[in-house]
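Consider the two complexes below, in which chain A is the common component and chain B and chain C are the respective partners.
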Partner chain A sequence: MIGGSVSKWTMSYFAMGIAWLFAAEALMIAGFGYPGADVAAPETLVLVHVVAIGWLSMCICGALLQFVPVLVGKALVSEAGALPVLGLLTAGLIALLLGFLALGGRLPPWLWLLPVGTTLLVAGFGLFAANIVMTMWRARPLAAAARFVLVGLAALGATAALGTSFAWALAGYGGSGLNAVLDAGIPLHAIAGLGGWLTLTAMGVSYRLLAMFMMSPDVDIRRSRTTLLVGAATLGLAVAGGLAAIAMRAGLDLVFVLTAVCGVATAALYGRDVVDLYRKRKRRTLELNTSMAVYALTSLAASVVLGLALAVRGSFAADIGAFVFLLGFGWLSGLVLAKLYKIVAFLTWLETYGPVMGRVPTPRVQDLVVEPRATKWFAAYFASVWLATALLFAGQAPAFRVAAFGMMVATAGIVQELLRTRMLADVTTNARLPQGAKLPRLLHS
Partner chain B sequence: MTPDVAQIRDALRVVIDPELGVNIVDLGFIYDIAVAEGDVRITMTATNKGCPASGFLKEGVARSASQVDGVRSVDVVMTFEPTWDPSMISADARASLGFASVH
Partner chain C sequence: MTEYLDVDVRPILRAGGEPFSVIMAAVDSIAPGQGIRLLAPFKPVPLFGVMAGKGFAHSETEIGGGEWQVLFTPMETPPPAAVPATSAGGAWPEPKIRLDNRELDPPEPMVRILAAAETLGPGETLSALLAREPVFLFPQLERRGFNWLGGFLPDGVTYELTVRAPS
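Now for the complex of A and B:
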């Protein structure tokens, strides 16, 4: 395959993801969920799933629909599946959130909404994963980045399976087995989702995107394979080891210690690989997406250091909310926002100027954006996230809401830049729409 | 009038790599141009096989070459052998891109 097509619905996934990010920030400003409520309270579950599924998973799925063909050099098995998946994920998430609200007594006790929600989510993620896996199957042998995505999808499967068992147990349809998993297995679900699906996939995609955008040589295959093996071992240890410990009615402490050791090793190996990418880049001047990725990577490193410090101090369980917040908003959301800034500009360029290239002069991708203006919003975003993390550690719930407001303002600024890019608002009038070029549609391609 | 290779090469400069913002001739994407009568055969590459930009680059090359006077047909062959690398970029383009020295 030479030159894949522009994914029709990737922009719709991004738009939906951003809508959920605003929803999450609004909830935090309103004091809904942690730290106003307990970390395991239904309100916190609402917040966590809005971020993990609505914002992060939606954007990562949208990006993979466009990016997997680039990774493997084969067209997707099914382009048509993207829209039904978007619908299933959205409907499933809404049902799940309503189920959590019912669990917390904010709605009548319609706990059947929980299994309905997870069934829809499993259908959506299952269709999505089948599409990606079948595409990769046709493209063997796989590049290193694609293998990360595969392991990420395996982690998504584990996350969904655990989440489904919780939903059935909470709705009262689980036997003693599912109830035992519910009692002790929530950390396994969180590790598989946050550490496996979201983090390993983001790591794999970042290898390729960073190499492409900085013109760095790809990471040595043996090195990235080691990183992936340790990452996969972390995941296997957490999920399989954790479930075995639950089945044997043993404590999970040993599993968590081993998972933490392997998790830190994975982060360290990934850090070594990424430093190499930056060090060996041919393009000395960093674009905004790669310079802001540094802040996301710094957040990942800070999360690891904080996690270790909390474990040594013996307060990991007490401060787990702040730890997860930094991972979710500093590392994952920071990286996704930085890459959205580039991907939206690139796809918009392809849609607008690709069809007329060769006939008339065309602007560059960088002519669609104004980086100095966007830099301020990104700086405000990361500063707000780091401040909010510090306030969570300090137990300052009211001040945390102010920092969350800062995050929302910064996010709105970044989104405004994305909209301007999409509308070609910053392209000079002469170059904006040459003969034959059409303004792209805002929400799909 | 039969076009020559230099005319075709000049015409291709309207096609840019959108990411680097430099024309594909100076980037070293054009491996070969053969002209026989009015029939043109261009062998080219791109940075990434599966990227949607690669398809647009190929089409852009065909379009721009076909606009040269005397061109009767254009055949564009995309190849990834040898693999493109930054050492193929012209010295001037490298300097304008602020590239590190290529080893």
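Now for the complex of A and C:
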């Protein structure tokens, strides 16, 4: 079929992602991992992977399953592949987290859990990527946003390959080569995952979603291509350059400086494209999802400025935790939450009313949401994240836990809004469930 | 042995154009018994129904690089009676309804097109101008048995969609 129908499992991915977000916030409230522990401590690794894989990757995968067919105008190669991927990712993440706990001495030394976890994760992400790439292959030539996703997937591959080699080395199965990668390669894994997979993919999808939701003309393909080229170069430089430096037993400083320069350039080019999308929009009044995206984009800009300031001051390594926190929760999580608010409403509307549209009066998408109520929760979320970032910089670990509690309350508020939307609880017109329309199921479509 | 007129719509599509009228002009220009060899950068599924309505069977082959060659061969037997005659434009009559949805906020264009489509009689068509490709509309149309044809006009920003009610 040409075009976009509702993906059956997207809501399940979102629900699983949200569950992991709550888990991450609970860990931070409990003082588990950074800042209570070192940034490289096993407890911090648990926290980071809950956020990066459980929450962010899960939501981005769910969104891609829905929107890649829309981006390229072709149905997914395998709709049925979505559910096994969800299972593999969840099982792999749990095994990986248990492996980290074993590494930290909180479990018996079952370090084989680490390679088991990465193997399951590689299988899950591999199946997922194969599905997406084969769908895109059928739809050549590719739209600009789809190219971002492709580069993002390449970065996911690099992240997974590095993570796998760490797991084997930590479990004691690595030779001297893998051990050398483990000793120096963790920053490369973080750059590929956070900067490549999560950020480039989010950027690509945001081009399309922002244009769609604000009725803006698409970003000029030459401009978005430049942004992508610089982004891909940043990534290639970090991973290939970094591995080459490790192989030659040289320091990584030069690689990091070049990566930083290219990374800042990518963010600046992306910023230029996005400002254009907002300026040229035909929908003058911003909806909640696009106005909240502004705070996420501001967090990205603030991360870049902070990163530069830290680098100039020479304290980047010391404050890296706060920097990554702002990227992860201000930029990536903020953007994902804002877009979820719109995507859940839109998909629920399409699923419920699509079959009867035109035959009977149906509510509008905006009738499914109450934006003023949700705005308060989003404001509380971003305020808590920014406060938490400031407290991390100030070294106030106990106060940080209070800010994390604020994040959790705000997240719960946002999630409650999503649930109400999904259950059509705020549709007040008497056309809530016209003849022939069915209430959607909560966790899948 | 059927003779085929070559119609290559790849350059038109690459330039952002809409090849439908070119194809229909070619259909009108060929001699009885002659067929059309179409070269397209994708498998032109919506066209198969239209050409069947005009009395052509299709056989498609992927020629590499995602591109397709489709042979439209005149059918021995006339098309089924349900589909109107093979005279040019017979299967797709002039639109009964014309909508300009370019200035509407999504998903309003989709709502209006579906509402208008429901008022069409058997085999009647409507046409709509849109500011973007209505990707979420297509499955809804197909589920209801409507045929559709769409593409960007030569200006590259206006999308023209024609919807035909089941006959």
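Definition applied: the second predicted complex is superposed on the first by the 441 of 445 C-alpha atoms of A that agree within 3 Å, B and C clash if a C-alpha of one lies under 4 Å from a C-alpha of the other, contacts with A are read in each partner's own complex, and residues count from 1 in each chain.
Just so we're on the same page, contacts are C-beta pairs under 8 Å (C-beta built on N, C-alpha and C of every residue); 3 or more make two chains touch, one makes a residue touch a chain.
Source: prediction; values computed, not measured.
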Should the superposition on chain A be reported as showing a clash between chain B and chain C, or a fit? clash
Counting only touches as set out at the top, which of chain B and chain C does A:Arg140 meet: first, second, both, neither? second
State whether A:Gly73 touches chain B only (first), chain C only (second), both chains, or neither. both
Have a look at where A:Arg284 lands relative to chain B and chain C in the superposition and call it first, second, both or neither. first
With the two structures laid over each other on chain A, which partner does A:Met212 touch: chain B (first), chain C (second), both, or neither? both
Residues of chain A touched by chain B versus by chain C: which partner has the larger set? B
With both complexes overlaid on chain A, does A:Thr362 touch chain B (first), chain C (second), both or neither? both
Which partner does A:Gly354 reach: the first (chain B), the second (chain C), both, or neither? both
Should A:Pro372 be classified as contacting the first partner (chain B), the second (chain C), both, or neither? neither
For A:Pro108, select first, second, both or neither according to whether it touches chain B, chain C, the two together, or no partner. neither
Going by the contact definition given at the top, which residues of chain A touch chain B in one complex and chain C in the other? 1-5, 70, 73, 212, 215, 282-283, 346, 349-350, 354-355, 357-359, 362, 364-365
For a test of understanding, state which residues of chain B touch chain A in their complex under the given definition. 14-16, 18-21, 46-64, 67, 78, 86, 97-100, 102
Of chain C, residues touching chain A in the complex: 41, 45-46, 65-66, 103, 105-108, 110-111, 113-118, 131-140, 142-143, 157
Tell me, which parts of chain A touch chain C in their complex? 1-5, 70, 73, 138, 140-141, 212, 215, 217, 282-283, 346, 349-350, 354-355, 357-359, 362, 364-365
Residues of chain A that touch chain B when the two form their complex: 1-6, 69-74, 212-213, 215, 281-285, 346, 349-350, 353-355, 357-362, 364-367
